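Below are two complexes that have chain A in common, paired first with chain B and then with chain C.
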Partner chain A sequence: MRIFWSFARQAFQNTAIYRFDYWLQLVSVFLMMYSVHWIWTSLYSQHPAAFGVNVAQMVTYGILGMALEAIFNPGQGPQTYIATQLKSGGIDTDLAKPLDFHLHMLARNVGEILFRFGTLVLPSALIGGAFLGLQLPASPVAAGLFAVSLLLGYLALFALNFLLGMVAVITLDIRSISWAYSSLVRFFSGQMVPLWLFPGFLGALANVLPFRSIYAIPISIYIGKLNGSAALEALIFQSVWVVALFIVGRLAWSGVHTRLVVQGG
Partner chain B sequence: MEELRIYMKLIRISMRSRLQYRADFITGIISVLVLNAVNLGLIGILVHRFSQLHGWTIWDLVFLYSMFVLSHSLYSLLFWHFNMMDTYIAQGTFDQFLIRPISPLIQFLGREIQYIGIGDILVGVAAFSLAYSNKGLHWQAWQWLFFTVAILSGTMIEMSIRWMIASTAFWLGRSLSLANIMNRFNLLVQQYPIDIFGTWFQVVVTVIPISFLNYYPSLVLLGKANDGTWLRFLPPMVAIVSISAATLVWRAGIRRYASSGS
Partner chain C sequence: MIHVDNLVKEYKRPVRKEGLFSGIRTLLSRDFAVKRAVDGISFHIEPGELVGYIGPNGAGKSTSIKMLTGILVPTSGRIEVNGLAPHKQRKEYTRQIGVVFGQKTQLWWDVPVIDSLRLLKDIYKVSDAEFKRNMELFSDLLDLHEFQHTPVRQLSLGQRMRADLAGALIHTPRILFLDEPTIGVDVVAKERLRNFIKEINRERKVTVLLTTHDMRDIEKLCTRMMIIDHGQMIYDGSVEQIREKYGRHRTLVVQFEREIPEFSAPNAECLKSVGGKLWFRFDRLATTPSELIAYISARYPIVDLAVEEPEIEDMVRTIYGGSEARGKEA
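Entry: the complex of A and B
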């Protein structure tokens, strides 16, 4: 736990230097919440029946999708750190640390994410609740399951990002790959458009891919679209993927590690 | 003209160094195709559900999207490097552009052209052709002219906005978050007709003139004149104003950077 805390403090110090930057990020989240609020209310007025949920749930889904962006942004994570370290050659100091690399990346990222959760997600959720119609969780049970699901979603995203970081070790530059990666993650995780609106084949595909662990499952539980045994099944789905992705991540790392050592860092 | 010659020369040098990373070029193009497929996919899903958005059919929306991408493609090919400026300033490497007797802007832009813009051009042309034929459009010469002018103006507008954002790094140290906000606006304006949003949003994307890349010219080209706003004829004027404003901000920024001795 101490490691996580020290990385959180470091994230705080990095951010505290650029205070103006922080306000801009908050403005950016507000902007996105405002626009999805409009998209959904305007579409809802066209075809109320096409949604499967009521307008308040739909708006809550959209706004939460934006508020969680600060911790669920697929463009920011261990892979950016790994890529930077590879380029600058600093990766050898990471390898020299008496700390498992996978755990080190997790600690570093958790610290940052905790910090972002406190400083960005919570304030934006409050703003969303006060001005844009973000509702409270569907029930106390839903709130509890949401918290668990959010954690699992975070771990799934971390594991996926870590794998992308492993790709960086091989290709050395992931700038362009990450664009495609981020947009696919955003798409299949249902950040903008909920997966239950996806037609036939796309919907089926989205349902088996791990990405729906990230936005779709936690938020669907939050608004009460997923409840009872369906919600529990979804949590199991998330857990299975998290375990599988962590195992793949470790295997990939041990493969890549030898390669790094051969390269001489 | 001398500056143009130097610019071309710099670009040739940077191209030669970039050509060593052939794989990066290919993954870059593929990434752009995926990115756009996803964006269009989201619109497709919504229209599949709702048959149209606020009176815009699927091909209207593809048209709107293609205009944005076409303008954006030229920007990203030639001017994307502005996004890197705050890194130069933070690391102190920007000084190299100030000590040579050539315009710092030319040297800076000559550093890199972004191949990936080619992917945007492919997407833009494909989306535009599909929309054009599926809407059964038959344009007169003046419409083609307006279209061309609007695309080029759009490129200049986005370039100016990015240039200004990059210049804020002279004061703020970094401009990444501002650039990210811009990406957000871009994506929304690119995908949705702005009349779907509230008035505030429409005002913002008109004052920060991104909606002139696609929304306003599309009103003219798709004959959606019913709301009769005169703004739709203005893209070239907006481009000129934007470039002038960006030039002023840039000059002030350089002066500040040079005098702080950092």
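Entry: the complex of A and C
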């Protein structure tokens, strides 16, 4: 556990150096939150009853979707780290450490995510609450379940990202795959458009894929769209996927390690 | 301490297609070219040895080091270090070894050296007392205190290498692998790194295996040398033996009073002549310098003379050259 904390501290020091970068990110999150706020309020003014929840819930959904981007980013994570290290040959120094590779990558990423949660997600949620109509969780129970669901969502995303990193070990370059993957995750995780608005087949597909663990389930619990036994079922859905993806990740790593090519030097 | 038996590493590479849609066809094709980077190497290293591991670029040095450190998985063969198989028991194994790759750093680029070392302390679960003791040693021998609060990206290459050595030794490993630790470093900084490596080998009995392209590293540090080329071991023995085997030739440099034509002496050939100075190459088993000098001084008056010992570098070049020729025949 200590190692997770050490990596978090390191990530903090590492990122705190680039202050300009930080302010730029905060401003861009704010602009995105403002856009979704504006889109949903104008859509609701035309069709108040067409979207299955009330306007306050929907605006909260949209703003959370943007605020959580800082920690639920399918475009950056262990896979980008692994790809960079493979390209530079720096993966040597990672493997020369007495750490399980899978957990090592998790520790590094958790460090960064904790940092981003504290410095980006919380401030943008506060701004969203103060100016853009982000509401508090539907109930204290919903708040608790949301926290658990958020953690499970993070673990599911990490596991998926790690698997993409395993692809990088074989192909050595994942830029093009990465782009397709990001779009897929953003779409099926319900970051932009809630999954209950998806038409028949797409909705059914989104329901079985692991991606809805990432945005859709935690946010739906937060706004009270998912509650009671449905919320618990959703948490079970997330847990099953997390366990399955972690197992696959470990198997993939042991399979891929024998094929590892270290470039340079 | 280190046992390596018949170690082999093969890389598979997709064969590049040519012509239309070459990229996509390369991606889809199942044709692979197999390259044997390491081709059946065996050796043993005893505790406390300081071994130089050399070979031309692409000979398979780094690949073997990466297998020895558990980073790469061997295609076949056996490695056992301290009773452990590096890639199978990687977690347990890497706790006992220190590794420096001269071309890359294991330290965090943007933060001060000391922060990286503290994180390594946590990764290796080093106790506070041990950390303190090691940091004192590094301040003494590497002057680490001078730049420990500087971010790694602002360090000179020599300082960075010293910081990396400190990082590799923070958990007091028993074995140290150094892959080109002196690459790109200036002469003074090199000397300092060498002294440090020698010191920890002697005082702490750390077993060291180092690769380098600088033969002075070998001369100053190692008693034993392993030479690898085309993935095969072509020499394994003492540095002294190499001198005996490949260093039989000496060069006698003679300065004459005036310019004279080139001439050869018995058992010695004249290599070159510049302004009354002649270079004679001779086999020290076939003749002695005194015989040669007697012969030459009998013919022309000598002003000054010197006998040049062959540099290890020259001998190694001879050995590489020989293996190159064999490689082409095969």
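One rule holds for everything that comes next: the second predicted complex is superposed on the first by the 260 of 265 C-alpha atoms of A that agree within 3 Å, B and C clash if a C-alpha of one lies under 4 Å from a C-alpha of the other, contacts with A are read in each partner's own complex, and residues count from 1 in each chain.
Keep this in mind: a contact is a pair of C-beta atoms (placed from the backbone, for glycine too) under 8 Å apart; a residue touches a chain by one contact, two chains touch by 3 or more.
Here the structure is a predicted model, which means the values were calculated and not measured.
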Is A:D92 in contact with chain B, with chain C, with both, or with neither (first, second, both, neither)?
-> second
Regarding the shared-chain residue A:V193, is it in contact with chain B (first), chain C (second), both, or neither?
-> first
After lining up the shared chain so the two structures overlap, which partner does A:T258 touch, if you call chain B first and chain C second: first, second, both or neither?
-> second
Would you check which partner chain A:P123 touches, where first means chain B only, second means chain C only, and both and neither mean what they say?
-> neither
Partner chain(s) touched by A:S6 [first = chain B, second = chain C, both, neither] | second
Sites on chain A touched by chain C in the complex = 2-3, 6-7, 9-10, 13-14, 17, 88-93, 95-100, 257-262, 264-265
In the complex formed with chain A, which residues of chain B make contact?
-> 21, 23-24, 27-28, 30-32, 34-35, 38-39, 41-42, 45-46, 48-50, 53-54, 116, 172-174, 176-178, 180-181, 184-185, 188, 192, 196-198, 200-201
Residues of chain A that touch chain B when the two form their complex | 18, 20-21, 24-25, 27-28, 31-32, 34-35, 38-39, 42-43, 46-47, 50, 171, 173, 176-177, 179-180, 183-184, 186-187, 192-193, 197-199, 202
Touching residues (chain side chain C, partner chain A) in the complex | 11-12, 62, 66, 69-73, 87, 90-95, 97, 99, 101-106, 108, 110-111, 115, 118-119, 122-124, 179-180
